[in-house]
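Below, subunit A partners subunit B and then partners subunit C, in two separate complexes.
Moving on, here comes the complex of A and B:
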């Protein structure tokens, strides 16, 4: 991860000068290469600019306006939309639900996917079948999958309550009880993403060179010690990758909730930030469109994800081993 | 003589000229949210329209569900690229009422008077009939015929029956079947019906004051509060819980799903008009209207063609065809006396109750913040029915939140 500064310094040490590779002489060749690089970057920049940067800055701009369909973007009202959402009890509830969802979904999915990847890495006879089976949950469309889970959660005929009845647990109204609606979504999400994350981790595990395991064996390490001291550290780039991806994805949960609960759940118990944003924009239940408020909430969500990503990058950099 | 001839000649030229102008081919887009089951029937109506007006071509554009249609219309307003005609909910177009082309200005008084009374206020903007009703459903009472012999006709009877039909069948201390059911979060209209039946409303006539928590509002919320112990509360469709309640108020558009669920559960489902409150037994109409847009991207010929289409679709024979095929209700009074409709009713007895309810109805208010108000009612009604807040306290809280929306 660190820049190869040492190489430049060593090269320059012979004639007594220190050459900084980031301060190369700016001759014609340098400018030609730089220009060429920009040409290659243009397509990506155009796509990112149109679909990522422009919408982001546009959302920030809209968050400062009281939206008007007839005269967009409407009246400039400064930070009034932010003041409104910060005083809206449903915004804070949505924030709480989002952190609850992320706080459970991300670590549980990651832990399970490490476990699944480890099991799949044990040289199973039907490895490709097992791999495909786990991956199927991820490639199934979310809407179709949520419809199936609706049936599984059915209070009277659902598969889940049927299994619980073996342990003499009373039928749970998963989708109609405010205490269980969000856990129901979490369970579905964990099932959905575990296969995807496990496949990435499995690929990572299979790329770990045998010599490390051989060395551990020579040193007399037990199976668990080898896993903990060799596999997990060398898997850290992949773990780090799925952790970030899963964190960002979890903060943006919407479809699972909307389909599974046909709305924000009883007493809005599963209304997350993205659900709040979409509701504020008037896209649900013929609501009034407060584009400005929706934009303000989405800027806040961006800020939260940004901060978390920075924290993760900083904290995990020390613990991620790339070789 | 020569002068007369000249005048006749001029008149003839003008007539032919106008005819020629009128016959100029014109194409319009009709944005709708009618899913695949309804599309062939909508296409049939459009084909009939083409036969009646050969110079007009209507392109049906399916925009997805209502949320998607609303989004497309909002975007088209900003992009100044609206279709000539679209399905709209009342509060979608209130903020953009100034760019609607008032269809009522091109209707005779008799045509306007033919629209069902409960539908007129929700299509009238600034005193002018601007949109016209299209696909409309009404909330009615569904009941399990094996449990309810005579459906309740008053609030008192409703409460009494709900109480009697709430039972613990297997004696395990838990209620297995409730007298009635509510979907408060998904269907706050269930509360608005009791409010209307008590003689109340969300706001006063000129939208300057919240009247939700006046005496009528209190009577309504106390009545639904008294039903809580005998009510199954869900946010899912009633067809998924058909066995959980003996009777429930639900949309007429759900008849197909509800009857199928009841048949699968082994009983027959009846339909009745709603039990009457202190003021009336009115029910709430839901569904969209047709709006013609008056924007620069549309030519006069396109706007005229769209008005013709809107008027055509609510003709008695067409609204009857649409109702028979779609399950929505006819939107003009004269449709209910056509032989076609009477024949239909003769073989679909639930329609008698639905038709009677349709003629005793009300619609949502046109306030631009109605969407927000409905959100408040949805959350508040859910909290009341799930016992989180006492009914009167919940009512005051909803009134305060709606008050803030008037500013």
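Moving on, here comes the complex of A and C:
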């Protein structure tokens, strides 16, 4: 039963033919190994098939049906759901809120995390204490953190308004004023994710080889010049990676909003795209369920994320890699 | 001062000490910056902890009472008795532990096949996995909700655990690690008559402990902190996990923030314990997600 080692690979070479090393010989051993490999893959692919691949296509299908209750199969209505959401002012407002949230959260968090990573990379003492402090917010459950921030945002007894009073700023109704509900969520998100991004960037900085810094020193570069001309360019793959995952992650913001504001905010002022999707499904906010509309909005979400992913893939291949 | 050489010497000493002082000031500035950053990051935790020990009156004092005058331990039992936290904790542990074990199992198998086996359709299946990275999980919520209702898994543990038993990210991470192990291991194991399955679990898995632990930690963390899925896929109070239970609790208690903070502290503690025991592994695991 046992074959000599590497017999499969040499089978073709014996009769003098050159074999393509990238093409596997398809002998009996190969098919036996295929069969074994499929047993190894079945558990994971069964789960992924049911809860990732199938629902991906199902989302497109559901978006073409009218489902006011969960009784399948509903009625086929073509693009009616899309027509509805594209004429729904709450959909466009949700899009606006999402872009507003992403447009501020992503750059602010990224800039802060680059600064934090730089600071932690200065060879200071108490590094592990600092790293843990910055990391703690990320690993703690968002829900518990949102609870604390809700308390800190309290109009009368909250810490934030207390600190603002030093600067003679009147108490702000963070969670009840439509103008401030989204900024409140943004502040929480920046605080929650900055440590995570900083840790990734710090790991990237520490993997930059010393020779670059030595060369910069020999050339008489100042500290800032070294940072700007050596650290930042060599860190660009990590910066770009962090930028993209934070961009994609921010587009899907939901938990922070639903917990901090216990809903979509006053006058739905902080309703985002994912909030709109879940709300349309009727699962929150005492909304009626329109599975089809929710699915249509999900497809729109996919479209946006897809565009970002394509941009990421093309850019990663072109630029960013300096080394 | 008339002697030029003396003046020059004086100036050089002054410059040296000037540079030393400047470097010290710079270092001090960096330390201040670092500790200020830490303070900002830790303030909410500090505030949560101290509030949880205050009386209601103390919690609402302005200017704030930073340290409670008497530490009111009773807040904890009082808060935990107001809602079925025992059940929430059981659910959280049950769901997190089972989905972590299950995911590690399916991930090891699939990652091994992709790393070390030759099979028909390998490139296609791997590309399929890569493709899923482009699909936002939130897009799948609605169809998955429909699926769970149809399977009668809505409001059941099955619905909270089974959909999370595989992770593309985990497969990538472990595959990467498995690939770095030498093939000679398998060759010599095969000569000794070892079957592949046993080889995987007795040789490969023990060698890959750090990578597997990373996958498991990230999974447990994600599972413990999960909110959106549980909120959508359950209705019954008895099926809720700690995060969702906490939000329900918060709408019940109104303004008694000291109780809400006590419950929040309890919700964080398991994660903190896990974190402090596996800190290095934990931070490296997260950092590695960025290095790719």
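Rule of thumb we're sticking to: the second predicted complex is superposed on the first by the 257 of 323 C-alpha atoms of A that agree within 3 Å, B and C clash if a C-alpha of one lies under 4 Å from a C-alpha of the other, contacts with A are read in each partner's own complex, and residues count from 1 in each chain.
Everything below uses one rule, namely that a residue touches a chain if its C-beta (ideal position, glycine included) is under 8 Å from a C-beta of that chain, and two chains touch if they have at least 3 such contacts.
Model, not experiment: these values are computed from the prediction.
Asks: Answer with first, second, both or neither: which of subunit B and subunit C does A:265 touch in the superposed model?
Replies: Only subunit B is touched by A:265; subunit C is not.
Asks: For A:109 in the superposed arrangement: first (subunit B), second (subunit C), both or neither?
Replies: After superposing on A, A:109 lies clear of both subunit B and subunit C.
Asks: With the two structures laid over each other on chain A, which partner does A:284 touch: subunit B (first), subunit C (second), both, or neither?
Replies: Both: A:284 reaches subunit B and subunit C.
Asks: With the two structures laid over each other on chain A, which partner does A:44 touch: subunit B (first), subunit C (second), both, or neither?
Replies: In the superposition, A:44 contacts subunit C only.
Asks: Is the number of subunit A residues in contact higher for subunit B or for subunit C?
Replies: Ranking subunit B and subunit C by residues of subunit A touched puts C first.
Asks: Is A:175 touching the first partner subunit B, the second partner subunit C, both, or neither of them?
Replies: first
Asks: When the two structures are overlaid on chain A, which partner does A:133 contact: first (subunit B), second (subunit C), both, or neither?
Replies: second
Asks: Quick one: is A:122 in contact with subunit B, with subunit C, with both, or with neither? Answer first, second, both or neither.
Replies: A:122 contacts subunit C only, not subunit B.
Asks: Which of the two partners, first being subunit B and second being subunit C, lies in contact with A:246: first, second, both, or neither?
Replies: It touches nothing on subunit B or subunit C.
Asks: Under the contact definition given at the top, report the residues of subunit A touching subunit B in one complex and subunit C in the other.
Replies: In the superposed arrangement, which is not itself an observed complex, subunit A uses residues 70, 72, 154, 262, 283-284 for both subunit B and subunit C.
Asks: Which bits of subunit A are touching subunit B when the two form their complex?
Replies: Against subunit B, the touching part of subunit A is residues 68-70, 72, 90, 154, 175-176, 178, 261-268, 279, 282-289.
Asks: Which residues of subunit C touch subunit A in the complex?
Replies: 27, 30-31, 33-35, 37-38, 40-45, 47-48, 51, 59-64, 105-107, 109-110, 112-113, 117-122, 125, 128-129, 132-147, 149-150, 162-163, 165-166, 168, 171, 187, 190-191, 196, 221, 224-225, 227-228, 231-232, 242-244, 246-247, 250-251, 257, 260-261, 264, 267-268, 271-272, 275, 279, 282-284, 286-292
Asks: Could you list, by residue number, the parts of subunit B that touch subunit A in their complex?
Replies: 66-67, 70-71, 74, 77-78, 89, 91-92, 95-96, 98-99, 185-186, 233-237, 240, 368-372, 374-375, 378-379, 382-383, 386, 388
Asks: Looking at the complex, which residues from subunit A come into contact with subunit C?
Replies: Going through subunit A, the ones touching subunit C are 2, 5, 24, 26, 30-31, 33-34, 36-38, 40-41, 43-45, 47-48, 50-56, 58-59, 62, 70, 72, 116, 119-120, 122, 124, 126, 129-145, 147-152, 154, 156-157, 159, 162, 191, 194-196, 199-204, 207, 237-238, 241-242, 248, 251-252, 254-255, 258-259, 262, 274, 277-278, 281, 283-284, 291, 294-295, 298-299, 301-302, 305-306, 309.
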